Structures are given as structure tokens and as C-alpha cells.
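The structure appears below as C-alpha cells.
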Amino acid sequence: MNAALPVLILLSSLVPAGVTFFLAQDSHTLRNTLNLGGAVVKLGLIIWMLFAVAGGASYEASLPLAPGLVMLLRVDALALLFISLSATLWFLTTIYAIAYFGTKAELSRFFGFFSLCVAATTGLALSGSLISFFIFFELLTLSTWPLVAHKQDKPSLSAARVYLAYALPGSAALLWAIIWLESATGPVLFTEPPDLSALDPGALRGIFALFIIGVGVKAALVPLHGWLPADMAAPAPVSALLHAVAVVKAGAFGVVRVIYDVFGASNVAALGVGEPLAILASVTIVWGSVRALQQDEIKKRLAFSTVSQVSYIVLGAALASPLAMIGGLVHLIHQGLMKITMFFCAGIYDERAGVRKITELNGMGARMPWTSVCFSLGAMGMIGLPPLAGFVSKFYLGLGGLEAGAPWVLGVLVASTLLNAAYFLPLLYRLWFLPAAEDARGDERAPALVVPAVVTATAALGVGLLAASPISPLGWATLIVAREYGP
Amino acid sequence: MTALVIVLALPLAGALAVIALPVRAAVPVALSATALTALSALVLAASVWQGGPVTLMVGGWQPPLGIALQADGLAAALIVMSALVVGAVAMAAWFEMAAARAGPRAAFGFWPLMLLLWGALNAVYVSRDLFNLYVGLELLSLAAVALVAISGTAQALVAALRYMIFALAGSLLYLAGVVLVYAGHGTLDIGLLSARSPAPGDALALGLMTAGLLAKTALFPFHVWLPPAHASAPAPASALLSALVPKASFLILIRLWFEAMPELASTAALLMLAGLGAIAVIWGGVLALVQSRLKLIVAYSTVAQLGYMFLVFPLAGGDGSAQPWAAGAWTGAMFQALSHGLAKAAMFLVAGICIAAVGSDRLGDLRGLARALPMTGFAFALAAITLMGLPPSGGFTAKYLLMTSAFAAGQWPWALVLAGGGLLAAAYLYRPLAALFTRDARLPVHPVARAWQGVPLALAALAVLLGLLSAAPFDLLQIGRPEPAVEGL
Amino acid sequence: MSLTVFAMTGASLVGLGIYGLLALPQLLRRIISFNLIGSGLFLFLGAAGARGEAVDAVPQALIITGIVVALAASALAVGLVVALARRSGLVVLPDEANPR
Amino acid sequence: MVTDLATYALTGLGLVFFWAGTIGLIRFPDTFSRLHALTKADNLGLGFIALGLAFQADGWATLAMLALIWMLALLAAGTVAQLVARAALSPPEEDEE
Amino acid sequence: MSLALDLALCGLILCVALGAVVGRGVFRSVIFFITYGLLLAIGWARLGAKDVALAEAAIGAGLTGVLLLTAHGRLRRMSVERAPRVGPNPMAATTGIAVALALGWAWFALPAPTAPDLAAALPLTGMGNPVTGVLLHFRAWDTLLESIVLLAALLGVWMLARDVDWHAPLGLRYHARPGGVLASFGRLLPPIGLSFGSYLVWAGADGTGGAFQGGTVLAAVVLVAMMAGVLPPPRVAQGGLRAALVVGPGVFLLSGLLAVALGMGFLTLPPAVAKPATLIIEVALTVSIAVTLAVLVIGPPDDKEPVR
């Protein structure tokens, strides 16, 4: 039982965070090497752990704070799935951010909070008990606030305030639910779901609702999604990291944990709370897509698309069937890859061509071919065209829906696919088929920006094409569902 | 044992030396006395950690005649916290209360008053004799009023006067209780009182003493004197006043209600105390929302944060003390006392630095200060996290323990107060945070020494560390508790 | 019996002092009321101490300590009142200057 | 027995003087005449009472103490009377409140 | 017979106290307060607590009275706005009556007196007077803290000075006519007062008296000397003054620490050396108390006439 590895993984982003805070503004090389080094070390550790876990080893590290308050880091397949996603994407986003910012001001503070945020995400993924999940969940909120408010101007500060205004009440609800549950069942560990016999079904439903509100804020479920579009005022790497990897996925991951490790799929079905959650997720999917249609800014449209896409995962988790679960989990990875690609491209358009509005995208394909190809791949993946990643997850979600006896899920999927097409195809049409305006400029002479986008685009493509192989996210997700939460 | 004597005697001796010695020797003597006492505080905590409560019969006389002093886990934890806060305040005062900046009078008066306040605090933490607590409280109040009056402005004098009136009224009510206890039982020692059969006048005595101590702890109806007093005192002084002084009278309340006369704790009285605490949390928070000066926001936040500690009474007091969750609630309240002390002192020192940098602590003038003073901004953020009770800070551990006990005891409204209070704290602390972090700085910023900025940062980091490494303080607090913690919740 | 008389006097002095403290805005009078409450309490304690056959010495020591502490507090309070009067020309707390 | 009689007589006489002094204090029109009444009558009254008590004294120490008390009272009364008179010469302020 | 005397005395005390609270002028209520203090001293004598009677007369009536008188004098000269006339306040009256009744009820509900017996422990302290025994031996920690409370109050009063006056002599300028009555009184009284005060301190060990009562008498003498212009008012910067302030608590504290160094408990005085050690402590305390009380009553450093 090697306790060092999870702590090492956590430290690999905590240490760079701690050191970077105190670096002077102009020591760029030291800061960049520190952060990139941390990312590489984390990736290496995770890959090494992948092989070890495949070989049957298990890792656990615990730090007792007070009786009943134990910080537990435990590696299970679900945790591995999420930290591998966050590690790879963090590595790429760091490269992208270094290029994106160049020598702008306040970078030490940015990269400090940047790695702190990823440390929180890793801790959240690795946490083995409900209370350590909550502690990292809170740390994530605190470390993302300065990132959103990085530019320190009026819009980004108000965006940060809106973010806190949603996040803090959410975390209060989450804490309330945790304590309400733990006061009856004692400390909840994810190793074995607690016996919920001590609480009556009404209380349990209340607790479940509070849990969903708590994590739902970050998973951007409909009534609680207001902060996501507002956060577009943040710089591109932040919105990329926030919406593809850290915050939003943490929320979805939380929903999965709550449903499968705290309550257990059978209890969720027994309590009959799975159905309303699925409906809520579906409403979010449709509502997100409709709102995305009405946006004229690229990043706003992507934000609303994220709101709807994350609810696929929630939908997958809510439908108490293994296939839906696989669809949800695999979408966690796919959506991460596709969405980060599109945010990278949006950032490149903004940085290199000064383009923010969709109307200004005319003829961009000719001038910035690489970015536009990646953007199109991402968009088509989102729509769910067959060979790409999006299709795989939607396919499994549909099967899961049928298996769970909820045929209306198919309707939702079809509707959302059409809506996705409706709000992404015009962009592609403008990119490739409309002539560019005369004064349009734009070049791709920043390889450090374009390469990460290309890498994530090819990964999104590869994940879709090679879905059948065991090491692909799909294979992995089926392994998780089979081993952890068997039908 | 000698560590306890040094902790009690050295601050007083230091104060006397500082008064007697020529002015230029004052600061070095004061700083060395502070360092030595802080060291012996740690040694005391270590000896309490290993050998259990340290008792000392002053002059060798047994309690009914003599005065017994006892440093149990709670007293040791509070002594260490006070040592850390006073140490930090001393370092900050080395910059802020220097004669060049604060004038010869304030520079002469601050150091002895700080040391006297510290001596009185340590005396009150460990004393087991009710009248000795009265004299300790009086010394504490006089030193505190003098520290408020040091800044010399008109509203400081008014604040000091109002503080004086409340403190005197509180002391006299407490004295009335002590008189009744002595008349009834012939002894003033807490240990002996708990052993004796209750006399009819005890309820009245406890009521009078509690009323007096509530006035000195500035709980809700009696809180009017605290914000102006803590806002108009110089920043290091208000750090001492807010972080430490109310804790002493709160500790006496705990000694009375949990050790001296536990059987008198009727549920109605306990609920009333916690009810006042709950109102204080809401009232302090709402008023802090509407203030426009940083020091007033932080002062009203003290009124609110003190309210949390009173939630311990219904959860762990009276017949509830035998319940399994009583230990969690009791320790949670003490964690709140410790983490609030550290965080509040850090916040007031940050306010002091802001005033030194831009000359005023109005929120409008503080805009964009974090760009010029990044460490100060970060210190304020860390302290704010502790006061909001967000993990991983000590405030969170306190809130967690109290909420879990509230749920286990089935009294969930107190958990509602804790959760709502946390959000309210987030609301009123967000305004200064946002002001510090905006970009458009209006006023020219005078340079502030980095070492000075480091002091609040260290304190705030300690408050957060208290949350991360909360296992050790948790066990220290259990030593010498009337009913040692039942393992687990 | 005479001890009861002194005790009752002490109690009524405390009551009188509390009336003075709450009702009188003039600060010097408030300080006088504080001293009245203090000495009333000590009279009560003294009478209680004298109930036994030998006069109990401990209350006397407490009372002497109390008197000295009361003097110290009164001195600081008086100093504050004079300083406030010199600074702002008020002999009452500002918010009580015009009784509502 | 005769000592008790002497004590009663002398203290009674002392009381009469005190009574006279008080009447003077109340009845006399201005400050100066009142000062006369107070210093003269009361000090004499105190002297007689001290004398009366001297008979009860059980040793030289108490006698010396009584004499010291009376002498100090005289000294204080004389000085204070002078000061009050001098203060009364300057224009009287209105009696506030 | 003595009951009638007690009743009369208590009635007088209550009337004078009532006068002090509801009397028309502030000067009038201060004078009533002083007479109240003296009557209370007689009351203490009636209760058999001679030490307390002395303390009440010296500190309660004497010094507090002087404090209030000087303060009232300065307020009158400062042309301060008059305090608003306030009618009877029913809420305050009910609170006062309630507390008084509660204490009264508590008196009758008191169980049998259980005073701790000093007889066994007193001889160990070498003190004849039990009160001094309690003050300086059994509750030595209280007395030490109390002497430091005086010092804290003094520091507080000094902090009320204006920055510009900080280096000026303490208190107002008293200008007694050189050959006048007050000047001669100021020269005549000190020798008597000094001897009486030191006698009080010396007698405290076995009879009535003690450091606090003696110290207060000496303080009064110092005050009279300063008011008579015989003794120039000191300045904060004078080392002698500050040393005198600190010597009392300092010696007391050091003796306590010395006892720890010698292996005994904190503030322990071994019976063999108890009497002389107590005397040394008492003398040091008296010096400090006398200087502290005198300087406390004089007030903070003050240069010019109060200008507003």
C-alpha cells in the first residue's frame, strides 16, 4: 500500500504553485520550466501509476485532521480516468498559456493560482472520502476566482463576483448535505457506500437534492449555470482550463461520485431521484443549445455549448444503466478534448486575428488553415458525426437510455444533435466558404499556440476512431463500469 | 511549572522594566520579553501535552485560602495563540508605533500597555479563583481602554469612554456574582465550587456573572462599544483588542457554565445564550456589509464571529455535556476562538499597513492596493478564508465540528446559523477583497517594508495551517477537559 | 440583626447606583454611580463576612483590593471625561447629548 | 463612675456647640459669617468631645492620639476657612445645572 | 442601643447617596459623595472591619473625592456645555430596584457562614493582622495584580495627554501665594503626614493599617505639597518618578520569582524569613502606591490652560 504516490502527484502541482507565487515578474524562464516540469512530472507519475493499477496495486494516503475529519487520498479507476485527463490537458494548456501571455503583467500570480487550481482538481479526483472531496472542491473555487479576475478590469471582476455568488452558496448546500448525511452514518468513504438505513427516504431525498445543488453549480445544471457564460471575460487559457478540464468536469465528476459512491445506483433508483435528475439534465442540454444559438460571440457560444455538453455526463450518470454510465464517463474525456480544442482555436483567433465575433470569421479558413481545421474537427465532433468522439458517447447514451427504459432520452439526443449542428455549422460555413473581408488579417506564426490545438484535435479524432481498442477512453470507461459499479 | 510562572510573570516584569528604563531601551526590552514569554508559552504547551494539566498553588496555600492556577489544554492552547498574536503585533508595532511615526506619547505608552494586557490575559486564562479573575479582567479592561485612547482623536476618546462604561458595568455585575458566591459558599475556587452542594443564591450569582461577562465579551445586545473602540484604536492595538480581549471573558463563561456550576445550566438559559450568539452573527454580518471603512468592517466581523462561539452552550452545556457530540461542539468552539484570534489579528495588521500606505482605510482609497502590496493582499485573502470558514482553514474545522455536533444533537438551526454566517462573512469580506484587487489605484502608495507586510501573512498562514494540521490542537484541547472527548462523533 | 441592616443598605446602594448609571447622562455623575455600586457590593460582602463569630478576614482583603481597583478605574474614567471635555466640549456621550 | 459622668457632661457640651455651629451655618446670611460659625463652634465642640473621650482612654497612647486628632482638625479647619474666604472674595459664578 | 445607631447611620448613608445621585448640581453631588464615603467608613468601623474603614476613608472618600473635585473644577473652567436636564428614568429605576431586591432576597437565602479558618495558617505568615496576612500572603497574586492595575490606570491617564504636552510637567499649574496660608500648610503638614503614613504601614503587620492605607496617606501628603507649590510637579521623562512607580510591583514580583529560583513555589515566603520579607515588600509597595496615587490624581502632562 504505497502511500507516497498520490501525495507525490498532488505535490507535483502544489510545489510549483507555492514557489511560483514568490517568483519575480521577469523570471519567465524559471517560472515556465517550473510549471512545465511540474506538468511533465505529474504526467509521468500518472502513467507509471496506470501501469501499477493495471497490475493490481492500490494506493491510499490519509491525513487525520480531527475525529471524523480525515483527508483521504485513494486511487481508483474513476479517479485515474479524471486525473489522466486533467494532467494531459493541464500540460497542453500550460504551453498554450505561456505563449498566450508572453510577457504580460502579473504572471507569477497567474501561474501560481493556475497550478493551485490543477492541484485542487487532482486532489478532488483522488479524494477517497466525502470530506476531502469537499475540501478540494472548495480549494478549486478559491483558486479559480483569481484566475477569472486575472485582468482585474471591471468585466472580469464582476464575472468573478458572479462566479463566487453561485459557487459559495452551492458549497454551503454541499457542506450542509455532507454533514446531514455524516451525522447519521458517520464519515463517508468511497471504498464502500455507507448504509443509509438510519435516515428515512424523505431526508435522503433532501440530502440528494442538496448534493446535486452543491455539485450542480460547478456542473452548470440549468438554474445554476449563470456563472459560466459570465466567466468568458477571463483570458483564453483560463476559460479553456475552466470549461474543458477543471471546474466544469469537477462538477460532473462530483455528480458521478454522489450517485455511484455515496448513494449507490440501486438506492438512487429506489429513491426515484434518478428520473428527475435525468429530466433536469435533458432540460439543460436543450436549453444550453438554444441559448448558444442566440450568442454572437464565439466564446459565449462555446460556453453555452459546454453547459449543454456537461449535462450529457450528468444524464449518463442519472440513468441507472451501465451503458448510459459508460456513455457519460466516456463523454467526460471526449467533451474535454473537443471543447479544449475549440477554446484554444477561439483564443488563437482572438490573439492572432483579433476576431471575437462570429460574423468576423469569414474566410478565416484560408488565412489560418491549421486553426480552422482543428476548430472544424472539434465542431463536428461536438455535433456527433459518426467517426468522431461525440458520436461514440451519444451512441452509448442512447443505448443506455433504451436499456434504462427511458426512450425519450433518444429524442433529447437527436434534438441536441440538431441544435449542435444549428449553432456550429454556420461557423464552419463562414470559415471555409465565405470570402474574407478586405482588412482581415490573421496569421499562424505562433506555433506554441497552434500546436496544442492540433494535438488535442488529433487526440479527439483518435479517441473517436480507435474507440474499440481497450486502452481508449471507451475501453477504460467500460472497465470502470464493469469493475466498480457492475449492473 | 516554571514555564507557567514565566508565562505569568515575564510580561508583567517586562512592562515594569519598559516603564522604568529610558525611552530608547524600551523597545528592545519589550521585544526580548515578548520573545522569551512566547518561548515559555510553547514550553508550557509541550509540558501540558505530555504531563497533563499543570497546577500551581500561589504561595503554597491550598485553595480555600490561597489562589490555585491551572493550565489545562484549553488554557495552554489560548496561551500559545495569544503568544503568536502578541509576537506578531509586537513586530508590526515595531514599524507602526515607532516614535517617528506615532509620536513620543504613543511610542512610550504602547509597549507597557501591550505587555500588561498580555500578562492579564495569561493570568485570566489559568486562574481558578473567581476574585482573581475579577482583578485580571479589570487589569485587562484598563489596559484595553488605554490602548483605545492612545490614538488621541476625539472619536477615539468617545469610543474609549463608552468602552470604559460597559467594561466597568460588566466588572461590577461580575463582582456582584462573586460576592454572592463567596457569601454562599465561603470559597472562590472553581474546583471547590463544583464539589459543593448548590446554595439557593447560586442561580442569581451565575446570572449576574454571566450578564457582566456578556457585556465584556460584547455579545449582541452589549456589542455597541466594540466596533468604534476597535476601529479607532491604532491597528496593532485593535489587533490585540479584537483577537484576544473578548476571548478572556468568554473563557470565564466557559469555566463557570461547564466547570464551576454545570448543574445550574438550564436549557432555557443555554438556548438564550446561543440565541444571542445567533443574532450577533446575523447582526454583525449585516452591519459589516454597510460599513465603508476597512477597520469598521473587521470590527463588526468580530461581533459576528464572537457569536459563533456562543453556539457551544446548548450543544455541550448543561445535561448535554454527557452526550457523545458534546466534545465535538466544545472543541469546535475553541477552534473558532483560536482561528478567529489569528485571522482577526492578521486582518487588523493588514488594515494598519493599508493606512500606512495610503493614509486612510476607506474602501474607495484602498482600490488597487494589492498591486503595490501583493503580500498584504494575499494575507488579507488568507485571513478572509479563515473567517469565512472555507477549507482548509482553522475556521472550517471549527464550523465543521460545530455543524456536525448540531446535526448529531438534532438542533439543526445552529447549523443554519453557521452556514448562513459563513455566507454573510463571504459577502462582507468580498467588498474589501474586490477593492484591493481592482486595477485603478487612485492614491499614491507610500512604500511599506516587506518585513512589515510579512507579519500579517505569517499570522494568516498560521490560521490556515491550524485547519490543515488540526489533529494536534484537537488532542491538546482535550487535556483537562471536564469530560474528556468520547472518541469519534 | 444590624448585619441585615447593613446588607440591605448595601443592596439599596447597588440599586441606587444602577439607577444613576442608567439614568444620568452627565459622565462625572456616572462615575459616582459606579463607585456607589462598588461600595454597595462591598458593604454587602462585608456584612456577609461578619456573620460568623470571628470576623472573617478574607472578605476584608477582597474589599480593600476592590476599593483600590475601583479607584484606579475611576481615575482613568475621570481622566477620559476631562480629556473628552477638553477635546470636544462635551460632558456627556455624544449620542446621549440630546435625550430622545 | 465619676469618669462616666464627666464623659457624658463633656460630650453633651460638645454636642451643644456642634448644634450651635449647624444653626449658624443655616441661618447666617453670607459665606463669611457661616465660616465663623463652622470653624469656631465645631472645633470647640470637637475639643469637648475629645476631652470627654479622654476620660475613657486606657493609656497615654490614646490620649496622645486624641490630642493629635483635635490639633490636626484645628489646623485643617483654619487653613480651609482662609482659602474658602479668599475664594469667596472673587466674583461668584452662577451655580450651574 | 447599637441597632438604633446602625439604623440611623444606614439611613444617613442612604440619604447622602441619594443626594449624590439625584442632587441638583454636579458640585453638590461630588460633596455628597465625599460625605457618603466618610459615613461609609464609620459603617465599616461598626462592622468591625477597621482596615476596610481606613481604606474606605482614605481611598474611597479621600482620593476619589479629590479626583472628582479637581475634575469638576477643570470642567467648570473649560466652559463646557451644560448636560441636559433629565427627568426620572422609569426603566433605570425598575432595573435598580430589581437588582436591589434580588440582592436583598439573596441575603436572606444565604446558608450558614462557612468562612475558611485562618487560625491554622496565619502564624506561618508571621502576620498578626489577618487582613494583611490574606493580602500579602494567601492572596499575594491578587495584590500584585492590583498594584499593577494602578500602574495600568496611570499609563492610561498619561495616554490622554496631547502629543504637544508630552514633555510638560504633570497636571495643572497650581499657584499658591508664596507667604499664604496654603503655602505654610503645605510645609507644616508633610512631616506629620509622613510619620503617620509610615506608622500605618509599620502597624499594618499586626494591627490596623497596611501598605495601601499608608500609601494613600502619603499620597495625600504629596498632593498637598504639590498644590502648595512646595514640591514641583514631576515630568514623565524623569527617571526617578518612573523608578518609584515601578519599585513596588517590581520588588513584589522579583521576590516571587526569587522564591521560584530557590525551589519554592511562586510568591512563596518561607515562614522563617516571612516577617522581614513582608516588610520589605510592604515598604516598596507603599512607595509605589503613594507616588502612583498622587500622580494619578494630578493628571496627565498638561502645558497650557485648557484651551478649546
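We just call them A, B, C, D and E in the order they show up, numbering each chain from 1.
Criterion: a residue touches a chain if its C-beta (ideal position, glycine included) is under 8 Å from a C-beta of that chain, and two chains touch if they have at least 3 such contacts.
The model shown is predicted, which means the values in this text are computed figures rather than measured ones.
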* Expressed in steps between touching chains, what is the minimal separation of chain A and chain C? -> 2
* Asked: Which other chains touch chain B while also touching chain C?
  -> E
* Look at all chain centres (mean of CA atoms) and spot the one farthest from the centre of chain A. => D
* Report which of D-E and C-E is connected by more C-beta pairs in contact. => C-E
* Central chain, going by Cα centroids? -> B
* To do: Taking each chain's centre as the mean of its C-alpha atoms, give the chain farthest from chain B.
  => D
* Asked: When the centre of a chain is set as the mean of its C-alpha atoms, what distance in Å lies between chain A and chain E?
  -> 73
* **Between chain A and chain D, centroid-to-centroid distance (C-alpha), Å** => 97
* Structure fact -> Note: chain B sits from chain A at a C-alpha centroid distance in Å of 43
* Separation of mean Cα positions, chain D and chain C [Å, integer] -> 30
* Asked: Tell me, which residues of chain D touch at least two other chains?
  -> 97
* Structure fact -> Among chain C residues, those touching two or more other chains are 14, 21, 26, 42, 44, 48-49, 58, 62, 65, 69, 72-73, 76, 80-81, 83, 87
* Multi-chain contact residues (two or more partners), chain E -> 26, 82-83, 99, 103, 107, 110, 113, 115-116, 118, 134, 138-139, 142, 146, 149, 152-153, 156, 160
* Asked: Mind giving me all the chain pairs that touch?
  -> A-B, B-C, B-E, C-E, D-E
* Which positions of chain E touch chain C when the two form their complex? -> 2-3, 6-7, 10, 13-14, 17-18, 20-22, 26, 29-30, 33, 36-37, 40, 43-44, 46-49, 51-52, 55-56, 59-60, 63-64, 67-68, 71-72, 74-75, 78-84, 86, 88-89, 91-93, 95-101, 103-104, 107, 110, 113, 115-116, 118, 130-131, 133-135, 138-139, 142-143, 146, 149-150, 152-154, 156-157, 160, 210, 212, 293, 296-297, 299-300, 306, 308
* chain B-facing residues of chain A, complex -> 21, 64-69, 106, 109, 131, 134-135, 138-139, 141-142, 146, 149, 151-153, 157, 161, 164, 168-169, 171-172, 175-176, 179-180, 182-184, 186
* Any idea which chain E residues touch chain D in the complex? -> 24-27, 76, 82-83, 85, 180-182, 185, 188-189, 192
* So in the complex, which bits of chain B are touching chain E? -> 2, 5, 8-9, 12-13, 15-17, 19-20, 22-23, 56-61, 64-67, 69, 103-106, 108-109, 112-113, 116, 119-120, 123, 129, 131-132, 135-136, 138-139, 142-143, 145-146, 149-150, 152, 157, 176, 180, 183-187, 199-201, 204-205
* chain C - residues contacting chain E, complex -> 1-26, 28-29, 31-33, 35-36, 39, 42-44, 46-52, 54-58, 60-65, 67-76, 78-83, 85-87, 89-92, 97-99
